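Multiple structures follow.
In the two complexes that follow, chain A is the common piece, with chain B as its partner first and chain C second.
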Partner chain A sequence: MSDLSEKDIDVFIEAVGDYFKKTTQEAASVGVAYLARNAFPMNDFTGMIKVSADYDGILYFSAPSAMLRHLLTVMKETNQSDENLLDAVGEIANTISGNARKYFGENMVISIPEKVAGLPSSFNQQARYYAYVIIIKWKHYSASLIVDISRKR
Partner chain B sequence: MAIVNNTNTFNKYSGLLIAVTLFLLFNLSVLGLNFYTSSTLDNDAISINLAGRQRMLSQRTAKVLLTIQVDAAQGKFNDKNTAELKKVVLLFDATLNAFKSGGQVLGGDEKAVTLNKVSDSAATKAVDAALTIWQPYKQLLTPVINSQVVEESSLDAATDYARDHNLKLLTLMNDLTTQLEKNTKAKAGNLKLIQTIALVLSLLLFGNIVFNALRKLRAADGEIEKAQRETTEILNTVKEGLFLLDPELLIGTQFSSSMNKILQHDISAKVPFMPILEALVSAEVFSQATNYISLLFGNKVKENLILSLNPLMQVRVYSTTSNNIASAPRYLSFQFNRVIEDKRVLHLLVTVQDVTEQVTQAEELLKLKGQSNINLDFLRKLLEADSFQLQQFLKNTNTGLSALNTILANADKRASNHDDLANQCFRIVHSIKGESAAMGLEAIEAYAHQFEEHLSLLRKKTNWDTQEVLSLPVMLSALFDQISQIEVIVNAIQLHLESANTTQKQTSVSSSISHNLTRLAAQVSQNQNKNVRLNLSLALLDQVETKTAIQLQQIGIQLIRNSICHGIETAAARAAKGKPPHGEITISTQMTPQGAIHFSVRDDGQGIVPARIRAAMVASGRYSIEMVDQLTDKEVVKKLFEPGFSTASTADKDAGSGVGMDLIQSLVNEIGGELKIDTKPDVFTQFTFRIAQHKAPAINLESNLFDSTVNVLERVT
Partner chain C sequence: MKLMIVDDSNIIRNRIARIASDSFLNQKLPNIEIVGAAASGVEAHALFLKTRPEIVTMDLTMPEMDGVECTTLLTQVDPQVKILIISALSDKATAIQALMNGAEGFLYKPFTDDELINALLELVEE
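This part shows the complex of A and B:
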């Protein structure tokens, strides 16, 4: 078996899309998809999932604070503290991890999602030669889904 | 076939047929017996009647005799009485003798009837006793009958005998009658009994027939029902799609339930199959399939012979729904078997299988196989390659791929559509493909070709789903991986050479490019099964910038491919035109007195023929006949530079993707200069690129197509 396929990557994207559709009735869509090396388009708040077993690497969902604030507003959440914004990004990461667990099964061991404000510390160690960057659009905001996961050969 | 069927039917219903035959035979026998008994009873009736008449005759004899005696006492004689006596006596005598030994007598209606002799003992006894009395009586009566006058003595003797025996004779005749009646009654009783028994037996036989017939019918119905149930069970369980196709191409009444899932279409009985197929496969495959199916319905074609022609043996199908799961590539396999009766094709049994998994696995295996080949083949090729050229190739490829990635990253910032995006990617990948082919790096060339094919598919779609959007970075990543592997190896070789204090023989740019182009021409002409000689004169390339030389090499690569695939004819076609069997391609560099460099590629093929381009434009479906007719020949030739346009009807690894000329145009734009095309049908085509770096890029179309020598300079942007 070779590398991650488009179907594998789509599982993560669908999770984000489904999350937005369920909570806001408005689906998120894919803007562009490209490759990145040493220059991930990180935003204010980031949810991270580390994977192991047959796979190795990290998945990031990074969203700007304005997007998360708008999301909380739509969800009728008035408390828009940084903590709550972090929780929102963490919940999205949780949804992604749930979907991935269902799809990859025991071949992919997924850690408990971590959430950070600002740049994550693990940022410098890349699992892939080139990571996949998918810009996800919701309303006029753009979030980044960065799939830096490789399959062990 | 028909005989076997008849035998089977006979075996199946033999019991029933035998029973019916027996029933008929039995009834016929009973009918015969009835006829026989009825005729016996007729005879018995005659006997009874005549026996009764004997009683009457015995009394009339006595009465007439006594009348004659009374008349005689009065001295009278009436011959009428004598005549009557004679008649009565003769009738009684004949009848009594007939009772004794059978014979003809006069019946009641004065007609002769046959009287059977009596057979049972009581009747025989009565007849014998009556004869004993009658014989002397008759003798005594004879003189009375024969006398014409009254003879008192014989009359008295007869009268006395009559007085003594008349009653006894009457009693005997009475006994005979009674006995005969009794016999007849007994016979009639027997007949009734026989008829009753026959009727009962007949009813039993009939009942048996009906019972057996019903049992057989029920058994047959049961078998049919069971067969139907089994068929339904099979159709409900079987994984494959199974159905019958009739000559009107309608789906039969029974089909497997997996059909809906496999074809992703709601199937019902008697719906036309072709529209369902049309929605699944490409237009080309559909038209091939239509022909193939009509061929199968032809009674004269042998099924085995055309088996290999089946265009649906393994076919990629397109989803009609838009959700992501369904839009993953699927492969189906359709098999057709003819159902023949009386040498006529009644139906086609169609078996459809989803072979996506097998195909994917095979592709996966092929990929793995390719990868393992890469290592050995690559190492050899890399060791052989000129290190400078290799470094240049890696640099160019990395630059190209990074540019492609930038295009992807900025896709939504441009106003361009998907078609445009695919075209931009196509140009880069095509250039990598060409260069890797020239370097002899077949694995990279094959991968780039795969990438191109994928882009061709995407180019046809107006909307890309998420997985299609993702497929581009996925393929790009794989190509980056391959290039990075080569980099690792190349660096290792370089280090090894440096540590061994040896350096590779430095070859000039021109000889390296010559080497690459020669290798490419050999490979493409072999693929296309054409005989081509390549003449190169590229020494001047050492005097231009390396980057420009590499770009010119790229132009050379595309034009060599075009010449071999589109320009140079097959050996047979060339022979027909009186040309030498091998085609010739000449690539040369020349310096003008003004110091400008001309890079030209010339082939002696069929030339650029506007009519062919017009036909290809119409066939591409992008242009209508009217639109094509409105264009001048020069405008038509310019279409060759349009992305995605090709005069080839099918694309292969070497040509037909419609991107080569587009790439040349972008290289010309990049380097800066002027591209001139000269061509004459069936004689030659020459592309001349005048490099003038500070001039705006342009394409000059000069054509000898119409024996004109008009030079037209047109700006292409």
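This part shows the complex of A and C:
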């Protein structure tokens, strides 16, 4: 189970809001985090960052393909292949976790992104019993950030 | 000036290239010729030796060879090269390590178009 505090989770909420505001010049509506048990809202494409050293777990950013295509259009990216949609979820997950190190420090080591289309095959095994879920609404799309991270004891 | 872009994200490489090219057309930046883009530190080192850019934008978290190691290598080859780190890693220790290894500037992701233009401008005007 993620043992992060409300203050810890606010770091991720702030980071994902900042990503949309700076990249698209349009704020996203970022919901309050809730603890979920097994039923995680996964979408078409998912970017995953593994954290290690003083922390353990995975951060997931999962978004529908239509949202990612719209995001790439706003960024003036004309190549909207699946490869670039995977690139986008990986980059967003990487940016959010990288920004979180401002608060958590260098001892939250983050991996390079892993990216998958569809449900990550490892997700059921890797997600703990409870993880924080944050819903992001941008334009009329909905994406999710799943924070399945805890401090090592 | 010759610019090389290093980032493992294709969409970020394209975005940096587009902003740099548009900014020249809008006269916000002096003429910057993009001589190549690399997706890892290893690829960047090879491309650097071949194209000899004067400015490099460098990601930090990359496969094979990370941005700090690559920055060290490139500045050993050409101590005059100006390297702008563009990374999401927002802790102070990372920024200090990159600057101590030869980088001249640090721009945090996510960035706006103007933030990138200003960071490049500072680099070329030094």
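In this text, the second predicted complex is superposed on the first by the 146 of 153 C-alpha atoms of A that agree within 3 Å, B and C clash if a C-alpha of one lies under 4 Å from a C-alpha of the other, contacts with A are read in each partner's own complex, and residues count from 1 in each chain.
Simple rule for what comes next: a residue touches a chain if its C-beta (ideal position, glycine included) is under 8 Å from a C-beta of that chain, and two chains touch if they have at least 3 such contacts.
Please read all numbers here as calculations on a predicted model, not as lab measurements.
K.L.:
Quick one: is A:K22 in contact with chain B, with chain C, with both, or with neither? Answer first, second, both or neither.
P.N.:
In the superposition, A:K22 contacts chain C only.
K.L.:
Of chain B and chain C, which one touches more residues of chain A?
P.N.:
Result: the larger residue contact count on chain A belongs to C.
K.L.:
In the overlay, answer first, second, both or neither for which of chain B and chain C A:G90 touches.
P.N.:
second
K.L.:
After superposition on the shared chain, which partner residues are touched by A:V30: those of chain B (first), chain C (second), both, or neither?
P.N.:
After superposing on A, A:V30 lies in contact with chain B but is clear of chain C.
K.L.:
After superposition on the shared chain, which partner residues are touched by A:E77: those of chain B (first), chain C (second), both, or neither?
P.N.:
Once the two structures are laid over each other on A, A:E77 reaches chain C alone.
K.L.:
Contacts for A:D10 in the overlay, against chain B (first) and chain C (second): which applies, first, second, both or neither?
P.N.:
First partner only, chain B.
K.L.:
Which of the two partners, first being chain B and second being chain C, lies in contact with A:Y132: first, second, both, or neither?
P.N.:
Only chain B is touched by A:Y132; chain C is not.
K.L.:
Under the definition above, what is the set of chain A residues touching chain C in their complex?
P.N.:
For this pair, the touching residues of chain A are 18-19, 22-23, 25, 72, 75-77, 79, 83-84, 87-88, 90-91, 94-102, 104-106, 110, 112.
K.L.:
Please name which positions on chain B make contact with chain A in the complex.
P.N.:
324, 328, 364, 367, 405-406, 408-412, 466-474, 476-478, 480-481, 484
K.L.:
Quick check: in the complex, which residue numbers of chain A touch chain B?
P.N.:
So the residues of chain A touching chain B come out as 1-7, 9-10, 13-14, 30-35, 128-130, 132-135.
K.L.:
List the residues on chain C that touch chain A in their complex, please.
P.N.:
Touching chain A: residues 8-12, 14-15, 18, 61-63, 87-91, 93-94, 108-112, 115 of chain C.
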